[in-house]
């Protein structure tokens, strides 16, 4: 099996994201994840730069790589043209593909996200749409959101939206064949295989937790 | 050396003929904003803006949750471009800032790695029998509104000025991270001082206020917002921004990203509930508008058709300052007649009729 | 409406705020042992540290964290020191580490 | 051999009247050559004119400049002030000097000594230079020391918070300057100590990545700044400066040694603008142009290790001092002597083959 490092190097976002880090911390200084979590993108760059297989494996199994919020503020500042955010994307991809993601609490959440956001794409053609944002799990949306969902089509159509209707416009129901095309793209380009890897991780977890 | 300052950088924006792609988040939370934008472009300014009903999500949110491989999103983007090509357009108009960043990134990768463009063409053909041309212009809707700010202001009966005192309204902007931080050349003014919103507000007579955390991320964090237990990340980062702008007493927060627009609105409610604190003096919160919402208001569009009643922080204090007339009774009435009223938050003050 | 249970909470910015003035007890330590200021965080002390091999003690980190103001934590950690003095022999800047560590250890509340 | 053995067009034209130009002129003049200096400004001195005092010993810049000028005057070196050479044209074995369409003179040998430019700190937009009045460059701070410019904070602030940012426009691919300017580190230390001397209650921070204290007594200065002056050194590159409360600035960096982001309110932020090329040398077969630098321009390239100042591919064209890359004053002075020796040998070799 190819080393983790060589698998990482196959991801274009790895070579685009990290050429040589000078350890200056300019990325961490503006990183919203570093402001909230005990997280440091500079440290990740340094660690990956050493190329140590054991360190890499620990990284892929650990919590840290899941802290990044992908705002890419780091890209605007790095004096070496590195993009810690891209590096994180490559690490997360490998963590899921290799199954290492199930070893971390944050990594395991990918299963939930995949079933929710991922499936929504192929079922509706949207990543997010109003009926997904249930007030029970989204209390932060406030009373106005409860009201908006209660009004549903009445409110949305008043604002010019098609709200799950046939035809044109915002929030329209996808025309026949559109979702088939999306699925064909996911099939052809490895999107579905990638999801299978996530589900394999879910299976493994189930096996490990069941008596 | 003659310095090239990004601050002064003007992006080239075509005057007409756009292929429009929507935003998942804007359609969900601010349906009136996209509708108003199309109405302004087509009906007030007479532009040709085409939408193909077969376009889909760009999958950007899932991509940034690391649920979609690069090759997959690239091909989904290629499919959108094939619809553009089929309709005979070469100018792409993007509503979402996440999408905008994705398009910029894919075009950049194809430029630097032509073999990936070929792979994408092949993958798209195999899966959908489609082919595509690259756009000659990639424009975010805020770019276009900024580009057209003068014709819009010329048609506008209002100004961003307190009508009773003639004081210019104090505006803070929050430009979505993926607008220009990834590719400075993709946005007006580059990564550090994007002028796309400040230029707009100033054209309408507002006073821009620079604040310490102006360039800090709103805290969407993709997976972090989408996972309920992780939302503290989003909330805490928005809080950093509110704390930082509070001292400058802004009348308005102006955004160009649908996600930021929603978060900066909703998190004011959430923080008020959690900590009892609001970031204005009257306990009503700081109103939040996106570029299309602002342009539509300035052009005299009806606030309730625009969907401003879907904001949790109420806009009436701002409308009153500007002197925009509105029918208070129409706010919660529906096509089918009068509707029920939303519930009242326990801290954030709302003005229900 | 009653306040909802949001299922998450906000946290303060983790960033260190350097604008905060040095605590008086930190001032006392720095004045009692001025050579602490000469530390350049080269790490030689940590490399030879006997206690550091099996505890989180690293003298240069104590110096860095001392100014951050969490004096109790610094004091706790300083107490891992066995006063073997190898660090002091190796310090290229001649910091009087033994005295510094003793001063720092006194910052933690006395053990009951 | 003495100078009288050379023909009159053995004359050496020196472009630039800063420390490099003056010292090269002196070295050549002492060897008996006839030299003249072309200086674009109305006065000799270059960047040294704007400096207050010099590391590591705090010598007044005006004293050093005074001595240099005195010697140049004493040797009666002809000065062409206010003349900016932008083109050198090969004429026989020598050069014709031009400013636009205006001929300035001829010379057998030309020595480029037109120094460096300070990185335009406005280009590092995230630091807000030119936008926030409390953001200064190191050169601005020297002007403050010289009382030519006021402090950016009110006289009521006896304990100002001051930050120095190392590597501004140095070691920065984003700004097209990958090189280390090497003397900003010690300049920051010198200036930090000066600020502390003037405001003993001040809190002074230096944001650095590596402290490159390469010169004799520089490292000692660094230690002194830490121990005697209480300057705090934070290992982390400043990420941004934004307007804070009042006239203060809000800055962000990471303390990389602690692995924690940090922020801080400052009354003054000093950017250690690095040394970048002052001109772009465009070489053609029979002419050399001194043009405006562009993004990523390099310094003047010279031949291999044995040559101090022979410009690559150009017979009779030499370069002296910081136009070849960042250099301290002692290095510039030593270099001037080495270049003078090389010019002498070149002229001798011409004589030997009968060109001159």
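Just so it is clear, A, B, C and D label the chains in written order, and each chain counts residues from 1 on its own.
As a working rule, a residue touches a chain if its C-beta (ideal position, glycine included) is under 8 Å from a C-beta of that chain, and two chains touch if they have at least 3 such contacts.
Just so you know, these numbers come straight off a predicted model, no measurement behind them.
Should one ask which of A-B and A-C has more C-beta pairs in contact, the pair is A-B. When each chain is reduced to the average of its Cα atoms, D sits farthest from chain A.
A separation of 21 Å divides the Cα centre of chain A from that of chain B. For the pair chain A and chain C, the distance between mean C-alpha positions equals 38 Å.
Centroids built from CA atoms put chain C at 46 Å from chain B.
A straight line joining the Cα centres of chain C and chain D is 41 Å long. Annotation for chain C: residues 1, 4, 6-7, 11, 13-15 touch two or more other chains. For chain B, residues that reach two or more other chains under the stated contact definition are 191-192, 215, 228, 230-232, 235-236, 240, 270, 343-345.
Multi-chain contact residues of chain A, defined as those touching 2 or more other chains: 30, 34-37, 76, 137, 140, 143. The part of chain B that touches chain A in the complex is made up of residues 22, 24-28, 31-32, 34-36, 39, 51, 53-54, 56-57, 59-62, 64-72, 74-76, 79, 101, 109, 113, 116, 123-124, 126-128, 130, 177-178, 180-182, 184, 191-192, 215-217, 219-224, 226-228, 230-233, 235-237, 240, 266-267, 269-270, 304-307, 309-312, 334-336, 339-345.
Considering their complex, residues 13-19, 34-35, 37-41, 60-61, 64-65, 67-68, 93 of chain C touch chain D.
Every residue of chain D that touches chain B in the complex is listed here, in rising order: 117, 120, 122-123, 125-126, 240, 242-245, 250, 276, 292-295, 297.
Against chain C, in their complex, chain B makes its touches with residues 228-232, 235-236, 239-240, 270-271, 273-275, 343-346. Residue ranges of chain D in contact with chain A, taken from their complex: 126, 167, 171-175, 209, 235-240, 252-256, 259, 261-262.
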